[in-house]
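As written, the chain order gives the labels A, B, C and D, with residue 1 at the start of each chain.
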Amino acid sequence: MQREFRDASSGPVKHVANRLLHALNQDVPQVERESKSTDMSETWEDHLRRTFRSMITARTLESKLASLYKAGKIVGGVYIGPGQEAVSASIGSCLTWNRDIFGALIRDQGGRTAFGEPILDATRSYLGSVKGPSKGRDGNIHRGHPAQGLPAMISHLGAMVSVVAGMLLARRLQGRLDGIVGAVSVGDGASSTGSFHEGINLAAVERLPLVVVLTNNQFAYSTPTDRQFRCRSLVDRAIGYGIPGYEVDGTDLLASLEVISKAVTEARQGGGPQLVVANLLRLSGHGEHDDGSYVPDEIRNSALGRDCMEVAEHQLLQAGFVTEAELESWKNEAAEQVQAAVAQAQQEPSPDPYTDDWSVYASPELAEDC
Amino acid sequence: MQREFRDASSGPVKHVANRLLHALNQDVPQVERESKSTDMSETWEDHLRRTFRSMITARTLESKLASLYKAGKIVGGVYIGPGQEAVSASIGSCLTWNRDIFGALIRDQGGRTAFGEPILDATRSYLGSVKGPSKGRDGNIHRGHPAQGLPAMISHLGAMVSVVAGMLLARRLQGRLDGIVGAVSVGDGASSTGSFHEGINLAAVERLPLVVVLTNNQFAYSTPTDRQFRCRSLVDRAIGYGIPGYEVDGTDLLASLEVISKAVTEARQGGGPQLVVANLLRLSGHGEHDDGSYVPDEIRNSALGRDCMEVAEHQLLQAGFVTEAELESWKNEAAEQVQAAVAQAQQEPSPDPYTDDWSVYASPELAEDC
Amino acid sequence: MEEVTYIDAIREAQHDLLASDERVFIYGQDVGDFGGAFKATQGLKSLYPDRVIDSPISEDAMIGLAVGASIEGMRPIVEMQFADFSSVGFNQIVNQAGTQFYRTGVPAPITVRLPSGGTPGSGPFHSQMMESVYAYYPGLVIVTPATVADAYSMLVDAVALDDPVLYCEHKFLYRWLKSDRLSDDDEKLPIGQARIVRAGKHATVVAYSAMVHEALRAADLLAEEGWEIEVVDLRSVKPLDTDTIVASVARTGRLLAVGEAFPWGGVTSEIVSRVTNDGFHLLDAPPQRLNSRDTPVPYHPNLWEAHRPTLESIAAAIRNLLRL
Amino acid sequence: MEEVTYIDAIREAQHDLLASDERVFIYGQDVGDFGGAFKATQGLKSLYPDRVIDSPISEDAMIGLAVGASIEGMRPIVEMQFADFSSVGFNQIVNQAGTQFYRTGVPAPITVRLPSGGTPGSGPFHSQMMESVYAYYPGLVIVTPATVADAYSMLVDAVALDDPVLYCEHKFLYRWLKSDRLSDDDEKLPIGQARIVRAGKHATVVAYSAMVHEALRAADLLAEEGWEIEVVDLRSVKPLDTDTIVASVARTGRLLAVGEAFPWGGVTSEIVSRVTNDGFHLLDAPPQRLNSRDTPVPYHPNLWEAHRPTLESIAAAIRNLLRL
């Protein structure tokens, strides 16, 4: 596997083991981006293992969030990404926190965790702790750490494509772009937005190292893909932007990681924007308020409906990359971390409108009563 | 030529000789759309002749407008389309006024004339006659007759694509779509807009008979195409929308009319949206205030820089479709018509803010003083 | 008849419009078999399969399409999934729909439904009030129904109107607001006319949309303190019924304008400006405004409650006004 | 020094910013070798080839890109070819740039240049004033320079500010407004502070952008009739310097707010509301507003002249105010 992959890419792939960053109680490291070296080499096996661990953490966390939602403990919506962890975590695990850029979207807990976002960010956001990354001002999936390479999405679909492009353009102007990549997640529905189009086209014009990962999970809320586009596959859009396109079975971790790694490597090496289209099925409702009953059984029972967690587990066990015992311990550890992150967020104070500041300007002198 | 063309399309092409509508003093016919029959057949030769006549009228008119601009007789900008008449008039001559739909854009005098817009509309708009289609409220290229199938463009590029799509969707809902086509013009620059993307994608989803004619005239104002897109040709965008795409030398009337006719016929026959990319060079500045000095000589001297009028004249003479004498009389007639249209518009009153009404609402009861 | 909610009224209006007028069709994300994010179109696709159409996520093109269809004589209703996302269709609304009649004489009778306003936990992008932004532009009509009957009748009227209408429906009212009837012919008013929903003599509170109910509750509270507060429900913010407001201020001498929108500009400032212009000498005290805070709408319920006007803050503002 | 025009000042400010601050870059359609549609960036690309960048026609992505670049520490200046086209970038301006600091604590210091306002023959889509629409949204700063020196210094200040700024430059002033110097350190004021550009005692006229000059001419005319009119140049509409206005009204007792924008909502209504709130008892007459008409900006010069406030209509409004 490893050899095959190396053959496919045009050079050795190097990654940082940023597993440490997943640790529960560690807050976001505020170190200078440049200070982190990235030339530690990592084997394909380790990369896969690391990716899979993030998937486990994400699935565990999101299952917990879903039950908290059902128990009425969460205000606002809960949006989870079961079935998409392989693709999402593959993005995150190909990137280095505080060095690369990840424009995470709605179903990217896997990628966030793999990239290095502490899971406390999620529990704090969902449970309304004032210590969350937005201090309660924004919630759920809209969290981020822009200065560490994780911009905080706005809801408007497609809008983050150009933001990530701009972060990359800045790096070029600053002479800091070398070897850097920015990835951005979008869905099949987002592909219909003008923002998506403008952003990807602009990145192509500027030949920025932007990897656009388009997860076609067959639905945009309740809307099936035949109401969203008419092309054979959205990967055909790549031709129209003059950039490389890849299509992959998103239920398959090995394939997803391989293809995404390849695209990321190409971008890092100056190959310009890349479009990866991953096909799979959203295994939840649009949000936890939605039972997704509009999804036809045929799709559920097709290959698209496979659960990437099961596929990955099987793949890694088969390949001997992980043992049953290890797997068990990873799952336990994830459960403990999630448990602890929930407990901690729950005991933290909520925002207080009377004592918290409300500043909307970075320049305080601009504030006025109105 | 004719046989060749018929072979290319999947059925006989039928057109209406709507030459009459070009006549100078005739105002826009307000007849019911349905009342116009369209099954008169027209030979390929006649279609070409008719198209070329519109080109002559357009070129004559726009040259006159340009000199009026230079003489300071026109308030606001003058935007003309020399070099684009073959493509534009081909669109217009494939459509039937008051039956089909034409979303004309900035450089579509050829198409407007061929479609059936009286040239008085142009002179009245540019010269500020209150009898113009917008009564002086809007000017130059923003004129139209929405209820006769010629929507009045807003300036925002790309925005008319979805409007034409909506006109077609309405026809479908009304059971009036059969055999109808809507064409919309865009430029290379407009292809970068989100509106363009959303509009064409939506038309593809709905399989509307929309023909998008994208005239790549190598520049968007001063911006060359390598700052606008990175694909080999914009025709590659068609693949990403899952619709047929055609590329044509836009300086070549025969080729342009053939390809556009083909696309229009396909759309009429239920083939869904079509994308035609016509390559040529804008032979003027962006507007008459711009000398276009940024256009490199290499492009000017390349095949792209050919003047479609000269090419067409040569083609039609060679093919024996027109005689020198006829050509001469056409040109004279065009000059007379333009002269008369200018004279008439010049003697008409300007809008009067004190007596004209200012209503912005179709429901007068909504008007309020504020 | 059973109890009907505000969202029922919106659904019923659309049902009745589809049933009675072949020109009407509904276009929006998930409006088809799914019945819309808020179920405002539930069941309509099965009744009118051709005229209830799921759109791609393309707000700009959705509005463009609607304008095009209206040129051809249709009466489209476009559902925005949230008012906030109309920001992407903004250009087509203000520049395409808003200018067409003026520029060409051909009307653009589209109705755009904007699920507006805050609910706890919705955050900056699922809570916005956008009526002021659209009201700024010429050629648009902006309605803000606050009752079940108005939700019904104003949607019907909006579609009947030859001009483009932004129909701002408040999400907080969807299931919270109930009535025993869908419409009330006796009380029906045309678009452009405000309604005095509570008579009083000590002060006038002008509100719209969900704030009407907060204002009424505040008036109740003040009644216990012996004050008679008149409450005006604007109903439409453009046209804005200055006459009714000024007539009320003529009776009370005092004005508080309440809105859930951001504080800069907008409905409350337009009201205050008009009243000071037309009714300056009627005022016994400086007219007051109460709006949301000048920050994005916060996600956390604690912050959200303190961000927008509430029963308590309105009552406090009225008390303050009465002391001026 | 030679005479400098308003557009020269904009170009010079950009030149000086590029020269002194490596974080600054310019992004826009045709801003490169062509020097921009209005020549505001003429010659800059040859001096700073990497930092003057021609964009595709993608207003949404242009703003998104600028916000992204600002996260990374850059100070982008985005030129919209016309303010009117920012409607397509509206969402990224109000929802991306406007909310980022509030939501994340990371500032979004972008400057968006909006060539605004009417000139004869420009029509509905090349004439708009959009300051009110943006001022409605939290987190944005909106400046409207009316003089050559302000055009220069406020652009420099806008780029220095850690918050997103909409810099509304008036096209009518580009070549019409001239000065013998680029900036005036003695007269320089920070963003957020209004300037009294003419002292008077009978009435206060508050204006901004090109209307300042119309107001000044009207004041000249009224002076011949014996009236001393104070004219306030707002300079920025958000923040809006209420104190300076109220202090002026305290001296004159009368207020006319003049704007070139559409009449519903917007700057003039915000001014009138604030003054009636903070300075009600200072007013000797109902405060007045004068705006453009509530239609799209017409193309024909005859109509255009009658659409926006002019010397004559302002003078008439002042005379009326003095009689109230």
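Please note the rule applied: a contact is a pair of C-beta atoms (placed from the backbone, for glycine too) under 8 Å apart; a residue touches a chain by one contact, two chains touch by 3 or more.
Bear in mind the structure is a predicted one, so any value in this text is a computation, not a measurement.
Asker: Averaging each chain's C-alpha atoms to get its centre, pick out the one most distant from chain D.
Answerer: Of all the other chains, the one whose centre lies farthest from chain D is A.
Asker: Looking at A-D and A-C, which one has the bigger number of contacting C-beta pairs?
Answerer: A-D
Asker: Which integer distance in Å separates the CA centroid of chain A from that of chain D?
Answerer: Using C-alpha averages as centres, the distance is 41 Å.
Asker: Roughly how far is chain A from chain B, going centre to centre by Cα mean, in whole Å?
Answerer: 46
Asker: For chain C versus chain D, what separation do you get between their C-alpha means, in angstrom?
Answerer: Chain C and chain D have C-alpha centres separated by 30 Å.
Asker: Using the average of all C-alpha atoms in each chain as its centre, how far is it in Å between chain A and chain C?
Answerer: Distance between chain centres: 37 Å.
Asker: Using the touch rule from the top of the page, what residues of chain C touch 2 or more other chains?
Answerer: 55-56, 58, 60-61, 84, 87-88, 91, 95, 99, 102-103, 124-125, 138-139, 240, 264, 293-296
Asker: Could you pull out the residues of chain A that touch at least 2 other chains?
Answerer: Touching at least two other chains: 134, 137-138, 142, 154-156, 192-195, 198, 201-202, 205, 227-229, 360, 370.
Asker: Within their complex, state which residues of chain B touch chain D.
Answerer: Against chain D, the touching part of chain B is residues 74-77, 128, 134, 136-140, 142, 154-157, 189-190, 192-195, 220-223, 227-229, 294, 350-354, 356, 358, 360, 370.
Asker: Over in the complex, which chain A residues touch chain B? Could you list them?
Answerer: Counting only chain A, the residues touching chain B are 192-198, 201-202, 204-205, 207, 226-232, 234, 236-243, 272.
Asker: Report the residues of chain C in contact with chain A in the complex, numbered from low to high.
Answerer: 29-30, 32-34, 37, 54-58, 60-61, 81-82, 84-85, 87-88, 120-126, 263-264, 293-296, 298-303, 305-307
Asker: Across the complex, what residues on chain B touch chain C?
Answerer: 133-134, 137-138, 142, 144-147, 151-152, 154-156, 159-171, 173-174, 194-195, 198-199, 201-202, 205, 359-363, 365-368, 370
Asker: Using the touch definition up top, name the residues of chain D that touch chain A in the complex.
Answerer: Chain D reaches chain A through residues 25, 50-51, 55-56, 58-74, 76, 91-92, 95-96, 99-104, 106-107, 109, 138-139, 141, 161-163, 190-192, 239-240, 242, 274.
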